[in-house]
Amino acid sequence: MKRLLTMTLACAVGLAMLSFLGCSSEQKTEKAEKAEKAVVAAPAGDTVTVGIILPLSGGQAKFGEVEKKSFDMALDEINTAGGINGKKLVFMYEDDTGRPDVGRSAAEKLINKDKVVMLGGGYSSSVTFAVAGVAQQNRLPFLINTGSADKITEQGWEYIFRLNPPASEYPKAVESFLTEVVKPKSAAILFENSNFGTSSSKEFNETCQRLGIEVVLLEGYEHGGVDFKPLLVKVKEKNPDIVYMVSYLMDASLLMKQSKELQIMPKAFIGGGAGFTLPEFIENTGSAGNAVFSATLWYQTLPYPGAKEYYDKFVKLYDGPTEYHGAEAYAAAFVIADTLKRAKSFSAEDIRQALAETDMTTVFGPVKFKAYDTKTNQNDVATYMVQWIDGNLELVWPETHASKKYMYPIDWAAMWGK
Amino acid sequence: MLEVKNLNVSYGDVQVLWDVNFSVAEGEFVVLVGANGAGKSTMMKAVSSLVSPMSGEISFNGRRIDTLPAHSIIGLGLAHVPEGRQLFPEMTVKENLEMGALSPAAKLTRKETYQKALSLFPRLRERERQMAGTLSGGEQQMCAIARGLMARPKMMLFDEPSLGLSPVLTQEVFRLVQKIHEEGMTILMVEQNVKQTLGICDRAYVLENGRILMQGKGKDLLEDQKVKEAFLGI
Amino acid sequence: MKNRSWAQLIAPLILLAFPLFVDSDYYRHVVIMALMWVVIGSSWNLLAGFTGQVSFGHAIFFGIGAYSAGLLKMHLGLSPWWGMLLGGPMAMAIGFVIGWICFRLRGPYFALATIAVGEIFHLLFKYFNNFTGGMEGILIIQTFRSKLPYYFLALGLAGACVLTIILVMRSKWGYYFISIREDQDAAESMGISAFRYKSLSLMISSFFTGLAGAFYMNYMAFIDPEVVYSLHYISIMAILVGIIGGVGTIWGPAVGAFIMVLVQETFRSSIFGLAPDWVSEAHALVFGVLVMFVILFMANGVVGDWKKITHLFTGKKQAPSTNGSAA
Amino acid sequence: MSFFEAIDITKHFGGLAAVNDLGFEVRQGEIFGLIGPNGSGKTTVFNLINGYYPLTGGNILFEGRQINGLPTWKICKLGIGRTFQVVKPLRRMTVLENVTASAFNHTGDLKVAKAKAEEVLDFCRLGHKKDFLASGLTIGDRKRLEIARSLATSPKLLLLDETMAGLTPQEQGEGVELIRKVRDSGVTIIIVEHIMRVIMNLCDRIMCISYGMKLAEGLPEEVANNQDVVEAYLGKE
Amino acid sequence: MDVFLQTLVSGVLIGGIYALIGIGMTLIMGVMHIINLAHGQLMMVAMYITFVLYQYLGLDPYVSLFIAMPALFLLGAVIQKLFLNPLLKVDSILPENQVLMTVGIGMVLTEIVRIIFGSDYKSVTTSYSGSVMYLGDIAFNTPMVVAFGIALALTAGLFYFLLRTDLGKSVRATAQNKEAARLMGVNAERITVLTFGIGAGLVAAAGTLLLPIFYLFPDIGGHFTLKAFVITILGGLGSTVGAIFGGVVLGIAESFGATYLSMDLKDVVGMVIFLLVLIFLPGGLKRLTKI
């Protein structure tokens, strides 16, 4: 009797909850629509919904928030300017919590339950990869703006488009800087053992081989370690000309602080994006972070239309700085709007077609999806190099765009003291 | 001084003591004898509240104690020297003894009592700094008794102090218990070692299968045929 | 007896019919996840609840199963469906080896050892990224766009798992498992080789967990070591599913799995969007509180303490149970 | 070839000898009593026989085969069953399940095992309580269950460890009767017991040990009247 | 040689903090005989307390020790009293009930912190965060040396408490023989509450001391829980001396593992040592040294 009761109760509760879920979610969209109608005087009932998947909680939430704010800012501008041919554009956000399985569930929900016309977002490489798989399978266009593992656009997936460059191209600017200015003979590569870290470091390793730079140390680490000295002591012993690091914010700070402690003095420390460009990096490291280079994809002084305006508006609106991730998101929003405007209909196929024909300029630079090397639907983006100079992040390479002259060679001993 | 009335005790669903009645008067030396499994240790644990009875009453100096938590018993002046010594093996002899004198009253005179206890057990003085777990069986028993004395109790409970000791040591321990009694301590002891204990006690109860079988003067019981039967089955 | 067979009929029937009533792929997805957790939870329960060996390392077997499927695809280009064949036996083999090492330890020490082994697997799969793909993970494209094949496969797996456990628990092995749980020394003196039967229990348990892992690879289509070897999201979840439903009961983990997945989904969607946004952040908190509550007040879980729960509502006093079945 | 033989068995715990050079023989079909004061090493002897502890020295032969070094469960399979002084009921199983688990010793078939279990339970007069959870039994029934469970393994030699302790006189009587019945069914028994009345009544031969060493061995009366034994039990005067 | 020495120094310094984490755990394990799988989460809570005090009141982390430790003492005591002690009376199939409860407690603590502070990384950067002392070419991070020193001081304090005070002796007595302790008039239940409190207070100290050199986020706890039980088993259950030893050994082992194997495998080294000790050396390293 006990088991019968249990089973039936469990099933009944389960089904009840599910049907409740079903009803109430309908209510929700209704409610949401009503709310939207009240706010914006858009043509009755006409909205276009795009699903945006971002890490809004979890370890990457910081970037997720910056991107969400940028998306919101852009959305406001798009709708004020008349939306999508008179229809109102709606971004429906889903939190992937930084986990691929959750991201996948979120994509399933957006595609199957909320029936969005296309997907955007995609922060971490793992999550983006997983979400891209779902989108491709469901034949729904997905415009990626941050997830950077090379693999993602190497699958020949026709529904997956990427605005940002793949991880292997992040250090393109670094490459020319190295060959033209530093001319190193040896390098040490340190990376966080994450999707982004592994693939970036692999690519940089190949770059080094191509340039004839000897890689004396290539080592990953687990996130969450307190003490990097055992790793850094090896760097010191090998004494490479450059140290290339792919790390998230806190590890990046620890690495630089402990490098200073150990008095590791290569010709240059170069960060591979991620944590090295955030204001918190310099706050945390102080003098240890000064003169550190980093690859980046964007800088507010770049001569792209609206770049500076975006930066200023963001700072004003949200009372905090933004960086390349925000610009990517902001640009992606406009690409989405532009695509939807050009699309013959909101069918997935037409949107895909329109997306493939994109040719516009954004705050992030020109956007045009091409197939090159082994990649498809990949935007070919120029990359840049920044450096922390006296507590400020300055664009230093290519020199043509520089906001300040790079600081090199660097006299670590003078700067750090002992 | 100690009064046990209609005590019934069970472990889980298993009743171990049935309607037990006995009493110990001030200054008396009373022994509970019985074979293994007769319920002697349970009796002792009930008195010091380590097990709570199903029904019945235990009172000490007129105060009911079976409802009190175990840790408050010693403060009333009732010290229990448990079966198998139950020392703190990784504490020194000195520390073990100090643990005996935790109550505020005993604490005041801790140093004196300690010296007094050591004078009673000169062997322990040599072992003062040794871990209790490394003592020999006899020394451990002495340590346990000394620990009980440290509380400056009005009455002491001894639970099978001869367990696992050689005959010589057993005799030594009984001699000590007798000495403590002669100095005025009220004593309730549980033993298997019938002959010796009945010889030194004032009164005794024979416990069989959780019930009091008989009682009387120690010497009288010693002669009783029933006692022999209970222990040897002859 | 009659009631029991009723329950066994009704549960599969409702689940079989479920896709007929609900055609939203999202809700089907939720039930598929719940069914997968039924497999993991029930397998864990066979080892922990019935055999008394609390494992904190079931992610190992889940991961082995998932990687069996993923690596076939990655290195040999074979369909990951072959993983459904390979995943179970591979997990079972690893289970045997782990048992051989860890069953020397009893009680909490065994539990600790399984945490350690689990972490070792997790880290090594990350480290040997040339072989495993490391943190870049393995991605495939699902074979079917429709949820139905996955739904029925998951249902079949859950059914097979629960049925196997029912059958095992009615056989000599089941009696032996419970005997070992109740008292290992007594069991040994009854002629039961504790080591052998603990290993058997672990092997069945790891087999089904491995299958669940292989299914996960095929269904979720993306794995990396953080996902499938996660101590928190797999190993500990398996335990919590068991505890909430009822350790040592056949149906407990199944009920626990549905409760866990539903609670998490409900709260993640901010109670269907009715509640403010921050509620969605509370989904793990609510589950944690539920776990604490169950351990404190329903030590035998929802199924195990079902009587206690119903009596709470009817106001009846709980009758002392003098008879009843353990199996 | 003797049925069962312990040759100079020794067991040290740390430096302490719990069993010291103890040798004895048990003949097929007899009830052999093992007595001694508390802590004299009787239960240790059982733990040595059924392989729970490894021997420090000596040998144990069962039906001519050396069994020391074998794991407990194998020794049970060879035909040595035992009960525990502190009963170990499988608490969350019913009485029938307890005994069935043990009846699987020589069969893999549930029906056969169940039938055997029912038979043993009836034999032990526990049949009417077969659906009770073991945790709900009285001490007497638990001891019976302990015997039933060991009997269900179809032992040739049964080690009974204080099966009478804590029973009422009436229950003891029933216990004695039960043990006789077991012997009559062809099982050899070694019994450890404190209640002398029981031992004297039951045993064909008795051995008394103290401090892990043999004090006396022989017929019950002989041992009971042995001066060393009397002293060990009642203490010297 | 420098590599070797620097690795050793790093290992020992981090070992000091590990020891502090381990001692709290070993106390709890020794007295209650349970594995506290919420240990790291308690540390995390202490770190957040320190963080808040620094962020909003500008309190130096070393000053916060005097707030975080008592606060965690209270939290620990409450957990033991309300959530763990009642379980002693519960009859359940798994004897590991209390352990599983700590899993639940850990989860709840993490999630509460997540809701309040978000998942973001937080850090406390003090003026001395990056300061270093040098002995030849070997660098000694000052906050780490200070942490090591305070860890030593706290350990010494704990030893004084356990060896010299009646209350401390009661704690040891309860761990060694609960029933006898009760006979001596020790309120065993109160001792368990006290012990859990002290254990939580000690791990709070470890967290607070770590903050100037590290950072924090809600999920940081799990990482240190793993470390805590590795240390405890390494040192021999319930042995305070062993825990110190275990902490330093783990610190050194990880450090050398990172230097001479790979930074990636640092944690694997710890886990493998742990597994080997668990299986082949029950009783921990204490057994080898007879401390």
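By letter and in written order, the chains are A, B, C, D and E; residue numbering begins at 1 in each of them.
What we mean here is this: contacts are C-beta pairs under 8 Å (C-beta built on N, C-alpha and C of every residue); 3 or more make two chains touch, one makes a residue touch a chain.
No experiment lies behind these values; they were computed from the predicted model shown.
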Reaching chain D from chain A through chains that touch each other, fewest steps: 2
Chains touching both chain D and chain E, listed by label: B, C
Per Cα centroids, the chain farthest from chain B: A
Most remote chain, CA-based centroid, reference being chain E: D
Contact-richer chain pair (by C-beta pairs counted) among C-E and B-D: C-E
Distance between chain centroids, defined by C-alpha means - chain B, chain C (Å): 53
Between chain B and chain A, distance of the C-alpha-averaged centres to the nearest whole Å: 76
Rounded Å distance, chain A centre to chain C centre (Cα mean): 35
Where chain C and chain D are represented by their mean Cα positions, the distance between them in whole Å: 42
Of all residues in chain D, the ones touching two or more other chains: 92, 136
For chain E, residues that touch 2 or more chains besides their own: 93, 114, 262, 264, 267
Set of all touching chain pairs, with the criterion as stated earlier: A-C, A-E, B-D, B-E, C-D, C-E
Parts of chain E lying in touch with chain B, wherever the complex brings them together: 166, 169-170, 172-173, 176-177, 179-188
Chain A-facing residues of chain E, complex: 2-3, 6-7, 10-11, 13-14, 17, 114, 118-121, 123, 125, 129-130, 132, 134, 137, 139, 141, 210, 213-215, 217, 219-220, 223, 254-259, 262-264, 266-267
Touching residues on chain A, where the partner in the complex is chain C: 1-8, 10-11, 13-15, 17-22, 24-25, 27-28, 31, 57, 95, 99-101, 104-105, 108-109, 112-113, 125-126, 129-130, 132-134, 136-138, 149, 151, 155, 193-195, 197-199, 220, 222
Sites on chain D touched by chain C in the complex: 50, 52, 71-74, 76-77, 81-82, 84, 88-94, 97-98, 100-102, 104-105, 107-110, 113, 131-133, 136, 149-150, 153
Of all residues in chain B, those that touch chain E in their complex: 48, 50, 69-75, 80, 82, 86-91, 95, 98-100, 102-103, 107, 147, 151
